[in-house]
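Two complexes are shown next, each including subunit A; its partner changes from subunit B in the first to subunit C in the second.
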Partner chain A sequence: MARLALVLLARRLALAVPILFAVSALVFVVLRLLPADPIAMSLPPGASEADMAQLRRDFGLDRSLPEQYAIWVGRMLAGEFGTSIHFRRGVAELVAHALPATLELIALGLLFGILAGVGGGLLLFALRGTPGEHALDVGTSLLLAIPEFLWAILLVLLFGVLLQAMPFMGRLDPALTLPPAVTGFLLLDALIAGDPAAFASALRHLLLPAAALAIGLAPLVMRVLRASLQEAIHEDYIAMARLRGLPEHRVLLVHALKNAALPTISLIGVQAGFMFGGTVLVEVIFAYPGLGNLMVDAVRNQDLPVIQAVALIYCVLVLCLNALVDVLYMLVNPRLRPA
Partner chain B sequence: MATALPRRELLAGTAGLLALGVPQRVLAQAAARGQLTIAFPADVPTWDPNARTLAAVQSLYKCVFDQPLDQNPDTSPRPGVVTAWRWRDDGLSLELDLRDDVLFHDGSRLTAEDIRYTFFERPRQPVPPGGRRLDTSFLWRRLSDIEVPSPTRAVMRFSEPMPSAVAWLYFLASFVVPKAYVERVGTDAFAREPVGSGPYRLREYQQGARIVLEAHERYWGGRPAIPRVTFELVRDPTVRVAAIEGRRVELSVDTPIRETLRLASVQGLAARVDPTADIIILQITNRGGFADARVRLAAHHAIDKAAISRALYGGNAVPISVPAARGTPGYPADFEFPFSVERASALLREAGFGPQNPVNITFSTTNGFFPNDFDLSRAIVQMWRRVGINAELETIEATTYQERLRAQTLHEATIFQWGNAAGDPEMYGGYLLDPNSIFSAFKAPDLAEPVRALLAETNEERRLAGYRALHRTAVERGYSIPLLQGVRTVAHQQALAYEKYDTGHILPHRYSFRG
Partner chain C sequence: MSAFRRCLRSPRVVIGGALVLAVAVAALLAPWIAPHDPQEQDLLNTLLPPAWAAGGDPAYPLGTDQLGRCVLSRLLFGARIALYVAVLAASGAMLLGTALALLAGTLGGRTDALIGRAIDVWMAFPPVILALILLVGLGAGVHKVILAIIVVDWTRFCRIVRSEVMVVVRRDYVAAARLLGFGRMRVLWREVLPAVLPLVITVMALEMGIAVVVEAIMSFVGLSVEASVPAWGVMIADARQAMFLMPWGVVFPVLGIFVTVLGFNLLGDGLRRALDNRLIVSREVVGGRA
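And then the complex of A and B:
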């Protein structure tokens, strides 16, 4: 089974390569078409036209577009992301700092979204035909009607300002010292350092932004799962299970849920892709130092090497996630496995 | 047999649970007296303070590094690491006397050799492939040498006059770095673990998230009253407001104006909108509808700056008549450019325009680049409309402004905030009005010679008088439409004794907690 999963994953990832090239070309061209000059943004007082020309040469911006693109792709293939115009540091270093934070946030957001979605879906199904189902439906509609960033602000105002119960800035309490960066994942690093206070603080700091991300996912999962369960519950194998005398909760959780999970997995795969995009605003609102914030800084400063690299990394992450979901889908559904 | 839980693990676990469960305010209160947490809008691009001239992060560099000279709250220079400075008669040599008790964070002594290294040797070092020159290499290019007669004496020698050199000793990127340390560890390692001689040492830096500083115990200016300062880097202004209102921080910087005025009435908080030495101007051109000087002058007369300040800045943004902050040496105290709808209408009539026959222009504005920029631009559009200037308002990014400025494709008017924490007139008119400068929008050929002369004027009195005249001339001829001084907004807990600087700098070593 594991070998099959790896083969499927490798195939999916191989298919992603041309997509990556297309995205890289698109990002590159679009950025060059914008009427903005990254060098002009970073000039010190007293700089002359000659200085500007020199800087443009330093960053290779004086070459033709195809030439610039070829150099950039060549370097990316060699693992070099270039140097940030704004930060004056290697882009790889900047990304290496920011990526684990974003992955940590997305992982927790997905976890919350899936747990709340599956739990809510089961509850919706259990309450079908009752006023409780209608009430929950209204609730999910409300959750879906308000965009993630607004939920983020509402969470800040409610739990941060009004109740003053939860932190909503950064990754760690100001009074605590950051544990040594081993993995970049703060939760893991805190555990490795044996620092439970830092772990707890990091977790607390993740709760609100992860909840803001999860709010976009959970209601959809609830509704799709409920619909799938309603369909599955009328299948013959469910009737057979009941005839065998299995208790209702076992029929639901073991037989119906397994089959109803397929569309839910697809949905989670698609929505998780959107969740990556959602991190940009959520990270800004929660002052969370991930890829989203890095991207915003880069866009503000027209830092082309950073924008290009982060855009590509987002693309890679989404493609990897899609590949994983596809593989999971095939593993769960034997009919889709290749012969 | 039951296994006893080790005492250390039990304590650690309890601490963890407490941190998870205890309301944040309890933790904040516990920490309040020993540390200051600041919600700050920008992060350093690099911890090498000589690398970039970003005005927004000078406060952060000032915490860790010293500049040769310090500034009074009104922007005027005062002794710092350099205790005395004087130009020699040749106008090309600047003598600096240094304190002998300045220590870097690593315990080494700051001497004139560090001054030489920072301002002369370092900017001239070869740039590695793919790297970029330090911004100090642009700023101090007129330096031909720095002599070091003794550890407490340095003589800056210039290849051509640089009358603003003293101002540059307390302006952008001019921070003293330790020669021995930088040479020993290399530039990259220095940027990762910076060592300065400033009031705080860098304890922890989490890029884009937070900066933790610890007091420099042997700081020459005395140990800071607040031993630990954390800058939480919060880009979103709404969240900076929430941070102070939720008592997560003791000080929030650059809060939106309206919110700042509201926070001033919240119990336990103080909030203020203070004018700074930065200026808000219209970068104008002589293209299209603004080709006629009468139209440009009319556009200036038609703007009621005081009303805008009252409506948008709580009356705290000081109206200016020339492109310089009031009270700075380049501001002509005896000159006022009046708001006058009558004069504006008359000038437009003379030029053949009026409300029924308006002159059409394009007015570019940023939205969020500085406080209330978009609202300010909309107010100006309305004021212009009354007299017969029909401005099509176009929203652009600051990057677009820079690109257009460089390519000289700016439309008739673009709103912009120009930073000048030094307050020196060269950094106002010397850059903004010089037709040869890449920062000027209006390329007035008749200003080229006066500016060139001022950039080389070594007599300080004549230099300042010259800039005052230049600023006035530029406005009278319709080459510049200055509007207001910039503002810095802060909201802080009342327990914090905050000190305001016209530079707009946030200087925690000058703050303390009351009681």
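And then the complex of A and C:
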């Protein structure tokens, strides 16, 4: 089973490689449309022409476009991400700090969203045909009309400003010292360092932004799960299970849920891809030092090396995630496995 | 029952349509019903709460921001920008996406493969990231935001409509039209397009809600309208700075976006249910239960 999964995953990832090249070319071409001159903006006023030409050479901006693209792709493949024009630090170093922060946020957001969504979906199904189902339906429609970044602002307003119950800036209480960075994932690092105070603080800082992400996901999971449960419940094996005298909650939780899981998994896969987009603004609003914050800072300062690298990393994440979901789907549903 | 009457009997369509209509009327009449000029600063009356709260001033029904500008007036003028972007961006994405979908679905072969590859590439981007780098390339501004939404979201139409076109072109009546000697364009225009139109209209309503959100995000980040223009995203960004002093300032523009997006979502959802042939068949067989 594990070997099968690896083979499927490798095959699926190989399909993503040409897409990634096309993506990188698209990013490169779009960013070369830029009307402003990032070099002129990054130097102090009064810099000489010679200084600008030197800097342009340093960043390789004096060559032809295909040359620049080839150089850039070559460097990215070699793991050299270049230097940020605005932060004056290596892009790889900036990304190495930001990426684990974003992944931690996504993981928690997905976890909350899936738990709430599956719970809510079962509840919707259990309440089918009652006024409760209708009320819950209306509620989810209302939730879905508020995008993640507005949930982020509302949560900051309610829990941060009005109730003053939760922190809403950054990753850690400024009074605490950061645990030594082993993995870059603050929760794990705090556990490794055996620092419960840092762990609790990091978790508290993650709760509101993860909730903002989860609120967008949960209603969709609820709806899809209910729809597939409604289909599954009319199947013969459900009637069989009932005839065998199994209690209704067992029929629902064991037999129906397992078969209703497929559409839910593919929905979660698609939505997790969108969630990477959702983190961008959520991170900005919670001043959370992840990829999204880095991206928006870079965009505001027209910091091309950072924008290029971070945009590509987002695409790599989405492509990997899609591959992972496809493989998971094939593992859960043997009918889809290639011979 | 005609499609139009079926739509009017759907509570979703009616409520969603009413919400969108209300926002549109507010936007159109903004210059006449707004109590103040949205840019007018009253520095003696900054950060006033709404009129019904303690310390409120009836001259400013929803209070003022940190420069003493009337929140209600800015909210009404902000609706103009939101709907302007919604209509233009969604129409553009619809035209581009549907045209490519019709091409891909009817020509098939290489055209279809090429468009399919393009969609794969586009789907690798989180939409916000693609929109951000487009705005870096194009420069900031409302019209650039509209262009960015079109370039990012044409795939939404193209994916959904393309698969529907593929089903439709295999139907007997399309084959019959071909056998009667109708040209490709005529079959496309007279037989295929009408069949996919309900789907296009549905996605269009949903896309308008998405465009409102994207515009708010981009003006929040400072890549859309100029900072002085009263867009909802700008209002939220401004009010966020003063959130500790005046929490109300954030609530109203969020409410504006909520009502507009809810309207478009309900409209789209209701239209989908009312216009979807498969659902109609099952409902009319089952006897009116939706």
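To be clear about the criterion, the second predicted complex is superposed on the first by the 338 of 339 C-alpha atoms of A that agree within 3 Å, B and C clash if a C-alpha of one lies under 4 Å from a C-alpha of the other, contacts with A are read in each partner's own complex, and residues count from 1 in each chain.
As a convention for this text, a contact is a pair of C-beta atoms (placed from the backbone, for glycine too) under 8 Å apart; a residue touches a chain by one contact, two chains touch by 3 or more.
Just so we're clear, the structure is a prediction, and the values are computed from it rather than from any experiment.
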item: Partner chain(s) touched by A:Val156 [first = subunit B, second = subunit C, both, neither]; value: both
item: Touching partner for A:Leu324 - first (subunit B), second (subunit C), both, neither; value: neither
item: When both partners are placed on the shared chain, which of subunit B and subunit C touches more of subunit A; value: B
item: Partner chain(s) touched by A:Leu246 [first = subunit B, second = subunit C, both, neither]; value: neither
item: A:Arg171 touches, of subunit B and subunit C: first, second, both or neither?; value: first
item: First, second, both or neither for A:Ala5, with subunit B first and subunit C second; value: neither
item: Subunit B versus subunit C as contact partner of A:Val296, first or second or both or neither; value: both
item: Partner chain in contact with A:Val73 - subunit B first, subunit C second, else both or neither; value: neither
item: Partner chain in contact with A:Ile19 - subunit B first, subunit C second, else both or neither; value: second
item: Contacts of A:Ala98 with subunit B and subunit C, given as first, second, both or neither; value: first
item: Subunit A positions touched by subunit B in one structure and by subunit C in the second; value: 34-36, 153, 156-157, 161, 284-285, 296, 300, 302
item: Complex contact set, residues of subunit A against subunit B; value: 34-38, 40-49, 51-52, 55, 58-59, 82-84, 86-89, 94, 97-98, 153, 156-157, 160-161, 164-178, 194-197, 199-201, 203-204, 284-289, 293-294, 296-297, 300-302
item: In the complex, subunit A residues that touch subunit C; value: 16, 19-20, 22-23, 26-27, 30-36, 141-142, 144-147, 149-150, 153-154, 156-157, 161-162, 273-274, 276-278, 280-281, 284-285, 295-296, 299-300, 302, 307, 311, 314-315, 318-319
item: Of all residues in subunit C, those that touch subunit A in their complex; value: 117, 120-121, 123-129, 132-139, 209, 213, 216-217, 220-223, 236, 240, 243-244, 247, 250-251, 254, 257-258, 261-262, 265-266, 269
item: Subunit B to subunit A touching residues, read off their complex; value: 12-13, 15-20, 23-25, 27, 30-31, 35, 37, 39, 43, 45-46, 48, 51-53, 127, 130-132, 135, 138-139, 141, 172-173, 191, 203-204, 206-210, 212, 230, 232-236, 238-239, 242-243, 245-248, 397-400, 402-407, 427, 431, 438-439
